[in-house]
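This is the structure, below, for whatever I ask next.
Chain lettering (A, B, C and D) follows the sequence in which the chains are written, and residue indices restart at 1 in each chain.
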Amino acid sequence: MAGTLKHFKMKNSIDYSNNTARQHLAEKYAQIRRHSEEICKPLSTEDYVVQPVADVSPPKWHLGHTTWFFETFILLPHFPGYKLFNPQFNFVFNSYYETVGARVIRTDRGNLSRPSVSEVYKYRKYVDENMCRYLAGSSYTEDVEPLLQLGLNHEQQHQELLLTDIKYILGHNPLFPSYKENVMPKKSDNQEFKMISVKEGVYEIGYQGNGFSFDNELGRHKVYLNEFEIAHRLVTNGEYLKFMEDGAYSDFRYWHSEGWEWVKQQQVKAPMYWYFIDGKWMHYDLAGLNDINWNDDLCHVNFFEASAFAAWKGMRLPTEAEWETASHLFNWGSRWEWTNSAYLPYPGYKKEAGAVGEYNGKFMVNQMVLRGASEVTPIGHSRNTYRNFFQTHLKWQYTGIRLAK
Amino acid sequence: MAGTLKHFKMKNSIDYSNNTARQHLAEKYAQIRRHSEEICKPLSTEDYVVQPVADVSPPKWHLGHTTWFFETFILLPHFPGYKLFNPQFNFVFNSYYETVGARVIRTDRGNLSRPSVSEVYKYRKYVDENMCRYLAGSSYTEDVEPLLQLGLNHEQQHQELLLTDIKYILGHNPLFPSYKENVMPKKSDNQEFKMISVKEGVYEIGYQGNGFSFDNELGRHKVYLNEFEIAHRLVTNGEYLKFMEDGAYSDFRYWHSEGWEWVKQQQVKAPMYWYFIDGKWMHYDLAGLNDINWNDDLCHVNFFEASAFAAWKGMRLPTEAEWETASHLFNWGSRWEWTNSAYLPYPGYKKEAGAVGEYNGKFMVNQMVLRGASEVTPIGHSRNTYRNFFQTHLKWQYTGIRLAK
Amino acid sequence: MAGTLKHFKMKNSIDYSNNTARQHLAEKYAQIRRHSEEICKPLSTEDYVVQPVADVSPPKWHLGHTTWFFETFILLPHFPGYKLFNPQFNFVFNSYYETVGARVIRTDRGNLSRPSVSEVYKYRKYVDENMCRYLAGSSYTEDVEPLLQLGLNHEQQHQELLLTDIKYILGHNPLFPSYKENVMPKKSDNQEFKMISVKEGVYEIGYQGNGFSFDNELGRHKVYLNEFEIAHRLVTNGEYLKFMEDGAYSDFRYWHSEGWEWVKQQQVKAPMYWYFIDGKWMHYDLAGLNDINWNDDLCHVNFFEASAFAAWKGMRLPTEAEWETASHLFNWGSRWEWTNSAYLPYPGYKKEAGAVGEYNGKFMVNQMVLRGASEVTPIGHSRNTYRNFFQTHLKWQYTGIRLAK
Amino acid sequence: MAGTLKHFKMKNSIDYSNNTARQHLAEKYAQIRRHSEEICKPLSTEDYVVQPVADVSPPKWHLGHTTWFFETFILLPHFPGYKLFNPQFNFVFNSYYETVGARVIRTDRGNLSRPSVSEVYKYRKYVDENMCRYLAGSSYTEDVEPLLQLGLNHEQQHQELLLTDIKYILGHNPLFPSYKENVMPKKSDNQEFKMISVKEGVYEIGYQGNGFSFDNELGRHKVYLNEFEIAHRLVTNGEYLKFMEDGAYSDFRYWHSEGWEWVKQQQVKAPMYWYFIDGKWMHYDLAGLNDINWNDDLCHVNFFEASAFAAWKGMRLPTEAEWETASHLFNWGSRWEWTNSAYLPYPGYKKEAGAVGEYNGKFMVNQMVLRGASEVTPIGHSRNTYRNFFQTHLKWQYTGIRLAK
């Protein structure tokens, strides 16, 4: 891969004739694209291919799909004379854009041995070189920048998914191979638990400003909040162990009806990646099968579990408005924090025309909002107005719990 | 059944020694219980038994389950010396109360030919007579009244379900038998469509007062609303036909992603009970297979369809706070109106201890709120603070659409 | 029903003008038709309606379907001027005849409350009266007799199914209602186990004669059999209990691979209708929940269980050719006996043209042959050439085990 | 891989001190093992990993599983001091041997990126070197030879599966990559269709001799056959096209009931690998997407299709006894030929003790026998007594049709 990247850098050093904004954009593009490939460096070719469950995509699919985004939405319509790398790739790498035609069904992504990993890297290189020429050339106009920023943020979202999907692929393999030693920052110990109080009143939430945001954050608007309290830190592994040891996984009183069905049907007993081996709980982290640091922030629970834990504590999860309003009062960014807010449009939400309009709005049903960011979120890709969302049974993301009452 | 009811009335004319409140309660009890049986009068014995889909319960199960509620939560704990009619009925007629023990799984309700219909009516009579004696006697104390009111409101909810389930049973039978002629009120024609404007500001929603309400309506609280418009009447059958004729069921742009999967998988083309026969749309109503009144309020659409229709119109569904705030400005009560609010707890919501606490809270995930009432809601069982809720794919209730923007 | 039957008898006493063969046929018709209704006499109306699993049909469906057979294949094509009782009944009561058009899908039979039970009895009476007139009249010709005999044998097959399905409906109800006391003959004790030897050689099997037989028995043909031994009596409940107590349900070595999957997935531990209550095994028979007679013939095991039992004993199941060849050497008729022969056509098998050809041939794949008859087989409906067949996982019929080696 | 093989050859040239039988065995071992790897040479690493449907295993799994067979059944019990390559590989590479412990469930084989392809080749090399030392050394005794022969025949079976699975993986990829040009022999044109007659009488079938055979072929025994005719060649693509064009896929009369359900549910219209592109039928063969040779033997139909084709022709499929008896009268070996015989034990069949006994007997239910061999069967791995077997819906093997009557 080294060759690829060096070559790309050279091209990137093109003269932007004093246009520092475009140069900055091109450098940002190069840096973000490179980072996706760096994430994949520790992988064996085989790791790029598999899809153990529907929600996890093969790493080579992520690499191809993010590339397809730039090819389809920027190069094809905006760069005159651009020739598709391979016309069949639209079928292979389209994720869910109905506007853009037929596609491999999601659960089939792991059944495709071709295009090969090296072919996908060639595809990336081809598109990157064309993007580079496009950004330096005369066909580029400023109205394309929002689309480009969307493409870059989209790639960053997939960088986080790459890491969570790689973790799933390796962490569910019976050999428990390590992805990389020391990939995660050493956590300092968690402090004593305490609650922060916020007064009743009218507050404002939502994104406002000149930077990038997704359409679902837009429309800064007033909300009325009752007085509430919110925890100044996340729930730890040790605190969750107490919940388990108290028999909470077999006590229906703490669970939503749908969550209780999930627990019974799946026979759930612990967070994802926790394994009970020779009389003690261990977990798979990206370095392999290891001891659990009980003082560290709990990770890999779904909404049902987060909600049941809060009920067991006699508390609740915060709403997303409470979370955003109080977010300057605590540290966040280690885990995506489940809220008790359903993922719904803000007042005045309008989805954009065309394929880009499929980005957020069509998922606004039967999912819950998560706020914050996680230790695998790319740097520069977090805001306190960011609205992440997942279905209530999913737990392969870096998800945790912050209590409220 | 006539004999049963007469007998019951006699018992009910017991002397309440000037205690008019209790007498009033006993009469209300008798009246509501009688109404459930009146709903079933047009049925053949066979109609009481079947369960064509999981969501529809056999009418005899509704009759038994509502009776079990009074036996289990009032007579057994509060009426000394009360003897269960049949100890096995708890297993048969418990719906979802984990607190109260094992039960017939929901999808098996239609597999039970026994207890027979006449046995269920004997059960009702036995429990009614005991309730009557209990209410007139010395063991009754006023702190039981809330439970009794809950039982009566619970029975009223099942009266509506009885009618919707009977409609499903008969309306999906290939012979399309009639339940009863003229069961539904003749609708006057719908007026011209117009929107009502409501100003931005802080409003209050939620139940406050001395009457009965469910726990999920409690906690009257402030909400901040942006300025909005809401339709003064519901969408009509004719308007929905235009949506169909415009090809909206095959245009993904109007649908949530999950709704679009539902449309494709189920090959949906129309509201429930609409049949395309000899070149024209007809529908099953409780009187049989009949012509559609195009001017009447649309009925039997699910959340996905309601939401897609609004998108096709370039509008949206109201939130429940908007609906409640504006509800004094329009007529409602013909259809349960889908809102774009997820079913979540109000600020400060606390579920009660014990089995009664299972009534509402545990369903507060992955369902949407419906507001208003329908033409099959029992009289006296509607409030503008009432929060009905169903999963997004369900459409066998009397559900309709009110637009907002 | 008494009235119905009396009325029918009167009609049946029509003058056959010395045609005793036809009179005999008409009487046989009346007797067999009457017997189906007698089987249903102990039922409550509700028992006629339900279908707890796909393989079990509602009793009213059996009554209607056997009637539909005579209406569709005899009256409609052969009785000039015959008017259908209800044109929609073809849709309701067709079982699997593709030739005869669309039909209610099998798993929906229990979702139909209409036609009501009394309507089905009216249908029977109407068809019976017409059959009676047809048989006495001038339009009857002798070439229709085979079809009529097929219809009567078909009705007898459904008489057995009526009893096995009623047993399933009542025996899986949590109240375990009794169908009838003393319905089954008192069994004399089983004798000591011994094997009968049969010499190697060429034998003939298959039906030959002037009586009725199904097409699948026809084509008497030679088979070569190696020397074999076959048990002179069936396996008893007590012998099967030893198999259970020896842990055979958790020892894969005795099972086919597909049977082992079935055991694990369904968590099977005993024959159907056996319940472990207060420390001992009991079973549901048609008289209710009762003690097991350990000396009686084992009943309600499927092919996988029969085969595993034989393997545990170090023996095997007989082939159907062995069974038929040796059948004059032992008593049979208490249980349908699983053989290790797949249900396949005999040499020279030809399926008949038209709908009647769908009777047997199209099921000749992935089913095993059972030989003999059972205690619920109608009198006069058994032959030692009879080939019954079921899928390998089914056990709601009166099935048992005869060992061979 | 070249290195691996050369290295292995060197080791193999050990001195067998005049023991030519053992030397011959060791050479056969080396040759067969090498052939499996040669089959995989055209693959990319990614092709080794995927499992698009449950019946298809990833090529690296085949390579590992056949190796595990020798390690588990020969080296571990018979070669003193042998150390497992990796103790966890038993879990990964056990296919269905319950005797040998827990294993990766079949549908998960394609979810495992590790062990990597190169690790699997290391595993093969390690086991091959040990086998080589074992065969040349003093611990080898002749009673192990049958096991070794079983292992080699097992590996040959997987060589055929490797090719059929590779064809599935590449032939269902939207890019239709080629495996290898000219992999299949050029077929000479098929001759005119004619039938061969065989006289009625007692015949013998089953394996007898000193060579290798599977336990399911053993027990040569007499069978009585009626006179029959059998086709002297297989059905061609062109003949099958006529069946399709005659509408046979939408005419229930030709199909078993279970086959008809399969056709409707899967919307089947053609053999596997046939694609209708731009107005004509093409097919994927191992060289890519190509024109169909209409004169070539039909391939990739399942039992339902074979049986329906025969019915459409007014003929039938032969039984396995007919096939074996007549097999010296026609050419065979191009396609596995569906018979109308269920896969059942021969008279006197005994399964062997221990894990090896799981090889055949436990699959003797609900499968049909195929006779002959196919163009991807390894040379030296076919006999006219060979009993192949598959479930009735499967068609990814090289299966064809020979008619009989």
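Rule of thumb we're sticking to: contacts are C-beta pairs under 8 Å (C-beta built on N, C-alpha and C of every residue); 3 or more make two chains touch, one makes a residue touch a chain.
Listed by chain with UniProt protein names: A, B, C, D = Ergothioneine biosynthesis protein EgtB.
What you see is a predicted model, and the numbers here were worked out from it, not measured in a lab.
Enquirer: From the C-alpha centre of chain B to that of chain C, how far is it in Å?
Expert: Going by mean C-alpha positions, chain B sits 45 Å from chain C.
Enquirer: Would you mind pulling out the distance in Å between where the CA atoms of chain B average out and where those of chain D do?
Expert: 59
Enquirer: Can you work out the whole-Å distance between the CA centroids of chain A and chain B?
Expert: So the centroids are 39 Å from each other.
Enquirer: Two-or-more-chain contact residues of chain D, please, as numbers and ranges.
Expert: In chain D, no residue touches at least two other chains, as defined above.
Enquirer: Could you tell me which shape the graph of touching chains takes: line, ring, star, complete or other?
Expert: Shape = ring; chains linked end to end, path closes on itself.
Enquirer: Taking all chains into account, which pairs touch?
Expert: A-B, A-D, B-C, C-D
Enquirer: Any idea which chain C residues touch chain B in the complex?
Expert: 44-52, 88, 91-92, 104, 108, 110-117, 169-170, 172-175, 177
Enquirer: Over in the complex, which chain C residues touch chain D? Could you list them?
Expert: Residues of chain C touching chain D: 96, 98-99, 202, 221-224, 226, 228, 252-253, 255-260, 303-304, 307, 316, 340-342, 344-345, 347-348, 362-366, 368, 392.
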